[in-house]
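Sharing a structure here in structure tokens format.
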């Protein structure tokens, strides 16, 4: 099939997942609103980081589908797998935010689950990309082996990075958030510098 | 009318229904997060199964609408009926998840309602498909009787399967979830093997 | 501007409003699930009626925009006004459902607000339609005065009907739901019989 | 890349953000529903104002993207930044509504945050517009310097206005809502009078 409806559906899922994040922000009642909101800082930090990460994934996802002339069922199902990991992100985001709050319980477990969710997303992304590069008949634009190799490195660097991030969950859970933001910035810069950035 | 806006609206509804599922996942506070999440396993299992089932329905829905050159009001209303059953899925999903949790009440009733919701969805799907095959003037691609017969069998097998699944609600409610996952896997494999899979 | 992005945005809003309705359904915990769900019947009835009404509005909205070749700012703002009334529908729906439940308080007020919300929607719809028929330069298809007159009657019949429905709020709030369902059925049948149904 | 998928994603985010606002409306139970709803007036006022503001932003966003023939990564990321501020709006909306209610705490802080959120949105909007006017190679339509200057004034007037609005937070928080509504009306009128209104 053509990639048009695949794109429309994926865009819808990305748009909703990125917008639902705001529902996780608590609206405190009563006095001393400013102090209450300061205690909620992990929610705001997690909101901004997850929004940005999902946004970057959307930009890159866009770049991947732009290479396709048509999609087979394999692409559809691997894309669904990726969307599953994207749709799930609001949950570990809320979990980490809740447990980073002053006085709340189990920061380490929350940060491990948070990192694991991004490992799963990164892995699903890599599988989709690898499948596409193997099925050259689906490609609409000619990709040189060099281009595939470069983009593959870029997409595969996510998984080991997230595993390192997971290790930091045991040292300092708050740093996990900062690392996630750092990787998003890396993808922004790498995406802008990539040779095909203008064409995508 | 053309099927374009029908597809856009349907894609939107599918995308939202599949994404709202994550809102049903509770974010536990306090210590022993891992243990708490383990008790929530039915929520995670139900989330994954319903996500995958709605995803498969979307892929197949796509295949159905691709046969259409244009839609009359009958298609619009039968499609709305199908979307009604899809939009409803997060409710029985949350219900079954809630009642499968350790110590919670009424597993059997929840599993019956869960299966009934999928019977309704499968039935609405079959009615839409049957209507389309009867209105050959709406079809954009020539379908042989053989192709219609094969696809009809595939789409009609869902309803009796879900009725069997409903019967299992009285034996073991947890198995209902597993059966639902199994049917989704069947539709994935059958869809990939179908003669028109590449064209859809 | 072209009507394409107007349609995409409107379709998105309709799709989300229709899907959010499911979030208003409570998931009861504990034993005697069946009895608890029976007490929730107004929620289910209100869910089905509002889903169907929004679905019908979408189908008709579709028919209206299909007459347009392009949209000016007036169409954009009047369309926003209509979307405002559509987006609002989940609120009076939840309100009526809550107050129709056995033992709950203020059925009459809830039914008045429910009917008023549909009067507002119907009024916004009529204003958009009247504006479009006055701006013949925006129309893409030639509409005869006879066609405009017929469709106008169909669209303007909603407002007085909803006012009658509001009057029933003081007699029997549950009947308000039934009347709303009846009007939706009227629009389905009238839409299928309209001379332009096939073309839309 | 083409602006088509950028538009689709943005439309989705706008559509969801505008629709999620209704979830912030409480459904009161029990007697004296009318009196209870009267106490909730800030929620309704905030709902209507935020709906209308997001709607106007969407209309204008539309106008901006219509000037583009294609988008580079800079446009994508600056657009994401704008969407971040749009997606965030339901939170300060709910915050202001909560704190304007009779007897509730901290109106001033809530109104400051509310105004700050719109300053951020207006600022992100201005940055996106300025970037686009600097990258003439991305433009699809020829814009005269005069046209750019006029539109720039229109888009840049928002930020100082919102700063004035923020100052009113210390005098009368309820007026902040009214000022926000007034600016939305200004943008509606200015948009309809702008020389390119018909073309957009």
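Should a chain be cited, it is by its letter among A, B, C and D, assigned in written order, with residues numbered from 1 in that chain.
What we mean here is this: contacts are C-beta pairs under 8 Å (C-beta built on N, C-alpha and C of every residue); 3 or more make two chains touch, one makes a residue touch a chain.
Keep in mind that this is a model prediction, so the values were computed, not measured.
**Q** Specify, for the interface formed by the sequence copies subunit A and subunit D, whether it is same or different in terms of residue numbers shared by both sides, with half as the dividing line.
**A** Subunit A vs subunit D: different; shared/all numbers falls short of half.
**Q** So, comparing C-alpha centroids, which chain is the farthest one from subunit C?
**A** Computed centres place A farthest from subunit C.
**Q** How many angstrom lie between the CA centroids of subunit B and subunit C, rounded to a whole number?
**A** Those two chain centres are 26 Å apart.
**Q** Distance between subunit B and subunit D based on Cα centroids, please, to the nearest Å.
**A** 37
**Q** Where in subunit B do residues touch at least two different other chains?
**A** 8, 12, 15-16, 20, 23
**Q** Which stretch or stretches of subunit D touch subunit C in the complex?
**A** The contact residues of subunit D facing subunit C are 7-8, 11-12, 14-16, 18-23, 25, 27, 29-34, 37, 47-48, 51-52, 55, 58-59, 62-63, 66, 188, 191-192, 197-200.
**Q** Could you pull out which subunit D residues touch subunit A in their complex?
**A** 1, 5, 8-9, 12-13, 15-17, 20, 23-24, 72-74, 76-77, 80, 83-84, 87-88, 90-91, 94-95, 98-99, 104-106, 109-110, 113
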